[in-house]
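Next up is a structure, given as structure tokens.
Labels A, B and C are assigned to the chains in the order they are written; within every chain, residues are numbered from 1.
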Amino acid sequence: MTPRVRGWRPLEGALLAVAAIVALAAAAAPALVRDGRVVPSDLGAAAAVLAAYAALHVAMCWRAPDADPFIVPLLALFGGLSLTLVRRLAPDFATAELRWQLLAVGAVAVVALGPVETRTLQRYRYSLASAGIALVGVTLLFGRSAEGAVAGAPRLWLGVGSLGFQPSEVMKLVLIVFLAGYIDDRRELLSEGGPRIGRWRLPPVPYLAPLAVMLGLSLLMLVVQRDLGAALLLFAITLGMLYLATLRADVVAVALAAFAGGAIYLHGHAEIVATRAAIWLDPWSASQDAGYQLVQGLVAIASGGVVGTGIGRGQPGIVPAVHTDYIFAAVAEELGVAGAAAVLAVYGVLAWRGFRIALGARRSFDALLAAGLTIGLAFQEAIIIGGNLRLMPLTGITLPFLSYGGSSLLICAVCAGLLLRISRPSSVPDGGLA
Amino acid sequence: MTPVRDPFATGVARLAALVFGLLALQGGATAYWGFVRAEGLTARPDNPRRIAFDQQIRRGRLLDRAGAELAVTRFDADGIPTRVYPEPAAAPVTGFQTWRYGAGSVGGASYGAGSAEAAYDAALRGDLGSRIGHVLATRVLGRPQVGHDVVLTIDAALQATAAGALAGREGAVVVLDVADGAVRALVSLPTFDPAALDDGRTPPDEASSPLFNRATQGRYPPGSTFKTVTLAAALAAGAARLDAVVADGGGAVETFEGYAVRCANEPDGAVRFDIAHAFAYSCNLTFARLGRDVGRPAFERQARAFGIDAAPPFPLPTAAGQLSNDDAMPLPELVSAAFGQGEVLATPLHMALVAAAAAGDGRIPTPYLLADVPGVRWWSIGDERGTWRRAMSAGVAADVRRAMITAAEVGYVGTAQLAGGPRVGGKTGTAQAADGLPHAWFIGFAPAEAPRVAVAVLVVHGGEGIRAAAPIAGRVLAAALAADGASATMPVRIRSSAAHRISLLPPSEGE
Amino acid sequence: MTPIEAELLFARALVLIGLYAFIGLAGYAAWRELRQARRAAPAARGAHAARLIVLEGGASDRMPGTQFGIGPIVRIGRDIDNDVVLADPTISGRHALLARRDGGWWIEDLGSRNGVEVNRTRLSAGMPFVVRSGDTVGLGAVRLRLVCPDETA
């Protein structure tokens, strides 16, 4: 198939227009509440981000007319909402949020349209993995807590001066790339069984090895850094991709059993795990101290009703860390259950497109990578929102695309950019075959 | 042909099913917390939204029966609400609404225990009875919620008169409409300044218990006012007639299982007098005998018929009285209860209801406080109204009423009779108190010929009912009837009574 | 309703309606995509999808001309858990793996007893070999043809 060089992308344009309406209306609402009128500066930040995405849309028409038409509008929609929520809930971070959002657009553009092919990632998978593990190691040694965090908070940050980032975010991307490459290398082994024990055939050893390594790494991060959310996410991604490769429920069951065993062990030996579990089971009795955030988050969600108080009229700021871990509670309070369900559905659209892109990928590495990126974003969303909703113990990770957080936003943008790149039929290399 | 499934597509489909299932679960959980559990969560005392919302509410006014403001919310320039109470004497009825002591109560607002602010909170806030357009404007547009004015049966002027008459003492005054039980005044002293609670001038735990509503919750021995109940029991049982003559005066003494009772209060020099005069002069011996003759079961039945051992239905919290500390009521206790001592306890509201039953046809009306909520037609927030219970037959009630009128004409109760004021009927009481002067009581009604208002007055440690309670009742009854326009407004002056010899009475035996 | 209230209500309605419009548009696109896929499916089966056509069935019950629609990874052998099951005694339990990679089809002998041939050329076990559309693949007594119209012929 000869790639087209130029073309209109009407669906992307229409979706982008809808996203722009949502973002601008969302930006106008708090200004109306606060001042009773809207002046251009109230919409400036949202307009800037939307303009950047519009430019990306034009660039896509020019360079990648066949790429998936949903990803850019999804990013614009999330970006606009995030901008408005963060500007209001954490005004101190408003400028930084705008900067990160614009950087994120740039990251999407570079990854999706830039010269680096996914083949390159495939080629350097081991180097990437080594660098990722080294990064985590450095963080273990030299990491620091987030600014303003209480003493003894997890040391998840690495950086110089005011610039800092969370290596665990990078680790997520590195892990997905590595696993996609690793599984693709051993695809032929799909038909092979591992060692037999009686009638039960073990999974192939090469699949067990990375699982064990990743389990170990996750537990290490969990124990040393006390970063439960990231550890859980890495484990879930590993498990999801292994299932994709093997389609074997017993692998998942064994891994889950190992995880449960580890969790039970840590429950008895790591205070943070026991605390989180206790709060999850009964937040009410600790509603003034350890369970305060969870209870106040639920109260915020309960305060929204059907259509919410309206952006700018709720008081989600009561919930600690509302602009990062608890942004979903702010959405539920100000947009109501209807708005929260819509946001969940938008994540559903993202997942649908991600899986579509994976199924349509021309190269198996790309397919595995797209599927991995999709389940990475979806699991991250499920872990934090599930924590917010008390479906599972709360672990502090960001909500993809919506939370404030530079590292998180950039990495999510890179993920989206990779999905866009994989969705371009024109980017399939001939690779010297065919 | 065997279509071969692509294992990768299978895996992706299953993972997609997992992801969409998780999203559906999250949606369900959002709806659960947002709808099913919303009410309980938002009502949590640690939800600051509730205070912010409440501070915006245009809370309705509390009005007296004529429309005078008893409580009204004013907003300062910053939109901070303050509840103002223009009639401080009404504090025991209005209660208070303050943000200061709200830490532990719902939504941060706190209400005086036993108050109209608490009892009609839903209507005052506008939670109930609002039209759908209003509710939508509040919910969707975020406009402040507007509450409803609540009109009480209280007469602010009468309330002030009663509080003024009792000023400086500890006690209670209850004024009821005989016909339907509407509460016209309800005074409990010492009380508090509801507006001062917010700035902390009146600590609620002051030694004088200003927040304690003595009128509805204070349990006191009723003293000789309880002879009304004994009389009703005796009349109903046929053990006595008003004109039956007894010879209990002249220092007669009878011993009931070792408990000697004297008349103690017989008219000057009189030896023989009829039951009506025994009631009027509060002869203990006569009523001890009546109690014995009626017998314990009938006596208890009559006391229960008056609801002494029950808490009257009322929008403010009420306390139940008691007849005895134990089930076995030996004869000495029975006869002392019969003339008003013993272990009987009743609230001023109870005794006002006894007076109302005697003033009417023997039925005790259900006391109520809410006159109207203007503008709310389709929703009834009103108090329960009607008859609480039948205490005695209309005939017995008429006899008791006549005895009470006699008491006002010839007996010690005369101090309640104002010169030129309405003719009253009533009964005084001087109840022994363990820790000081006896409690002074008066229960009665006016006008005597066709009673419209009933009253109970209690002066805690006030001394003799004749001196401490009856004059207050006289002023209050006159003021109540004056407010009706049924009685000529006369200068309020208490008739000095030279006829009584109260000072000679041993305090241990009541009047 | 004051003008500000109206504007605010409008802004709030826009946010919610916009969100649902976005989802609705996405749902419409998904429905169209599904419908197109369903329409295209029969055609694809006939003309565009990669498939293996049986040329000689050997002792298996596969008639010449039988077509297997195939996905990107195809396990071929006698065991019933293979993607393409060939019940012929000359076929090993796990005979060969045919897979798409880097835009082409590759076949690998998984250590079978009777080997794999592409266009009559015997492969070494463990060395994947490129198969092009129209090539004949021999496995024991069975001969299959790979047909993938999309790919380079």
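The rule we apply is simple: contacts are C-beta pairs under 8 Å (C-beta built on N, C-alpha and C of every residue); 3 or more make two chains touch, one makes a residue touch a chain.
In this text, all values refer to a predicted model and were calculated from it rather than measured experimentally.
Fewest steps needed to get from chain A to chain C, stepping only to touching chains, is 1. Using the mean of the Cα atoms as each chain's centre, the chain most removed from chain B is C.
Taking the mean of each chain's C-alpha atoms, the chain whose centre lies closest to the overall C-alpha mean is A. One inter-chain figure worth recording: chain A and chain C are separated by 30 Å, centre to centre, where each centre is the mean of the chain's CA atoms.
Per-chain Cα centroids separate chain B from chain C by 86 Å. Chain A and chain B, compared by their mean Cα positions, are separated by 64 Å. With touch defined as above, residues shared between interfaces to two or more other chains in chain C number as follows: 8, 72-73. Looking at chain B, residues 7-9, 140, 142 sit in touch with two or more other chains. For chain A, the set of residues that touch two or more other chains comprises 190, 307, 310, 336, 345, 352, 364, 367. Across the interface of their complex, chain B is touched by residues 190, 240, 243-245, 247, 287-288, 295-296, 298-299, 301-305, 307, 309-310, 313-315, 318, 332, 336-337, 340-341, 344-345, 347-348, 351-352, 355, 358-359, 364, 367, 371, 374-375, 378-379, 382, 385-386, 389-391 of chain A. Only residues 1, 11, 14-15, 18-19, 21-22, 25-26, 28-29, 32-33, 36-38, 69-70, 73, 77, 187-188, 190-192, 307-308, 310-311, 335-336, 338-339, 342-343, 345-346, 349, 352, 356, 362-364, 367, 428-434 of chain A touch chain C when the two sit together in their complex.
Every residue of chain B that touches chain C in the complex is listed here, in rising order: 1-9, 140-143.
Across the complex, chain B meets chain A through its residues 7-16, 19-20, 22-23, 25-27, 29-31, 33-35, 37-38, 41-42, 44, 46-49, 52, 139-140, 142. Across the interface of their complex, chain A is touched by residues 4, 7-8, 10-12, 14-16, 18-23, 25-26, 29-30, 33, 72-73, 75, 77, 82, 94, 97, 99-104, 108, 110, 128, 130, 132, 150-152 of chain C.
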